[in-house]
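Here is the structure we will look at, set down as structure tokens.
Letters A, B and C mark the chains as written, and numbering starts fresh at 1 in each.
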Amino acid sequence: MNADRAEVCDLLAEYGALIDMARFDEWLDLFAEKCRYQIVPRENFDRGLPAALVFCDSRAMLEDRIRALREANKYNIHTDRHVIGLPRIVDAGLTVEAPFAVFQTDQEGETRLFATGLYRDRLEVFGQRLKIRDKLVLLDSFAVPTLLATPL
Amino acid sequence: MNADRAEVCDLLAEYGALIDMARFDEWLDLFAEKCRYQIVPRENFDRGLPAALVFCDSRAMLEDRIRALREANKYNIHTDRHVIGLPRIVDAGLTVEAPFAVFQTDQEGETRLFATGLYRDRLEVFGQRLKIRDKLVLLDSFAVPTLLATPL
Amino acid sequence: MNADRAEVCDLLAEYGALIDMARFDEWLDLFAEKCRYQIVPRENFDRGLPAALVFCDSRAMLEDRIRALREANKYNIHTDRHVIGLPRIVDAGLTVEAPFAVFQTDQEGETRLFATGLYRDRLEVFGQRLKIRDKLVLLDSFAVPTLLATPL
């Protein structure tokens, strides 16, 4: 089945917006039951090295991850802002790539660039909805500070 | 009436581009006669605190605001660049949310991150055109330097 | 002939993505045979000054340029990330403007804002494909560090 361009764009936008609002249950619900979520430094990826910074190959694992992040964030209070750039939509809308920049604002009100990278998503149509089956977050840096503090 | 996705995207893009070109009369014309424009730190918004950094509830008030900014900018010469991310378009296209990052470049040619946040717009269809009825700029920081210097 | 909005967005997204992946041959192929590519500081442009930082008025010249960049980058190892914001699509889709931010990550893993600006593209339809006929990169700063190191 094909996916509509508008739906793909909305899914990406929602993905970022839900993290930024810390609405993680709804964020989890964007993923299919059987899903994979990885954060890999692009340098590793380009060299074919398997080492991921984060690797979850089921939604249950992703839920655990989010629980841990929430706990950690009690000690690292900040807000996130995802700015997702124009996506490339290929493969009948079921594969999409989009560059992103994530900014963080701390309790003193200082906003800083946190990370940049590229999403490579494989999507699936479930009834009326589009879900994420496989999300690869290619991170431009291998040295993201306090990486644990936020999903990307 | 419904709004077309392409028109909504064009309106958002035009909104940022007109500020960046300092074409403020055309920018004002993107708003409906009866309009509201607010800049609110997201922290205040999330806590239900009403304090806005900027609050204009008519286009006349917004015009005054812009006049004041222009005067102030004679002493703070810079240029802006709005990068608006993928939007979420809901409610038949008449409600839209989009994350943004604004960068400023000073007279020495240094470009810096100025502010990040989220637009929450309510739009209206006027004849052939889409106009902004209510714009809420949720600012990630409560401590934006020289905030007065630019519309967001 | 007209251009489809989705194709225009895909072309812009591909433009950025191919630079970021350093796939410059495919990037060159996004340009028409007869093309022009310029990088101009917006201050110069606004004042009608002709001085471009980069000026190529054929694809052959652009190819030379890329060859030189590749050589230079052996000594300035970094990766790029283009985040391209919502575009304004005008003139039956054959003229498009889009704001951008480019981030660079160095070998130590530090990611920094590199440049911001605006693309002004004139496109052409070649058979089934859309190509860039004229690309004007309006750069917000006249003082981009190590500008030579990357196409914008």
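The definition used in the following text is that a contact is a pair of C-beta atoms (placed from the backbone, for glycine too) under 8 Å apart; a residue touches a chain by one contact, two chains touch by 3 or more.
Quick caveat, the model's predicted, so the values are computed rather than measured.
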Interface residue identity across copies subunit A, subunit B - same or different by half: different
Rigid-body rotation angle, subunit C and subunit B, from Cα fit (steps of 5°): 120
Centre-to-centre distance between subunit B and subunit A (centres being mean Cα positions), rounded to whole Å: 26
For subunit B, residues that touch 2 or more chains besides their own: 83-87, 98, 101, 113
Subunit A partner contacts - residues on subunit B that touch it in the complex: 5, 42-43, 83-89, 97-101, 113, 115-118, 140-144
Touch list for subunit C against partner subunit A, complex: 6, 9-10, 12-14, 16-17, 20, 79, 81-87, 98, 101, 103, 105, 108-113
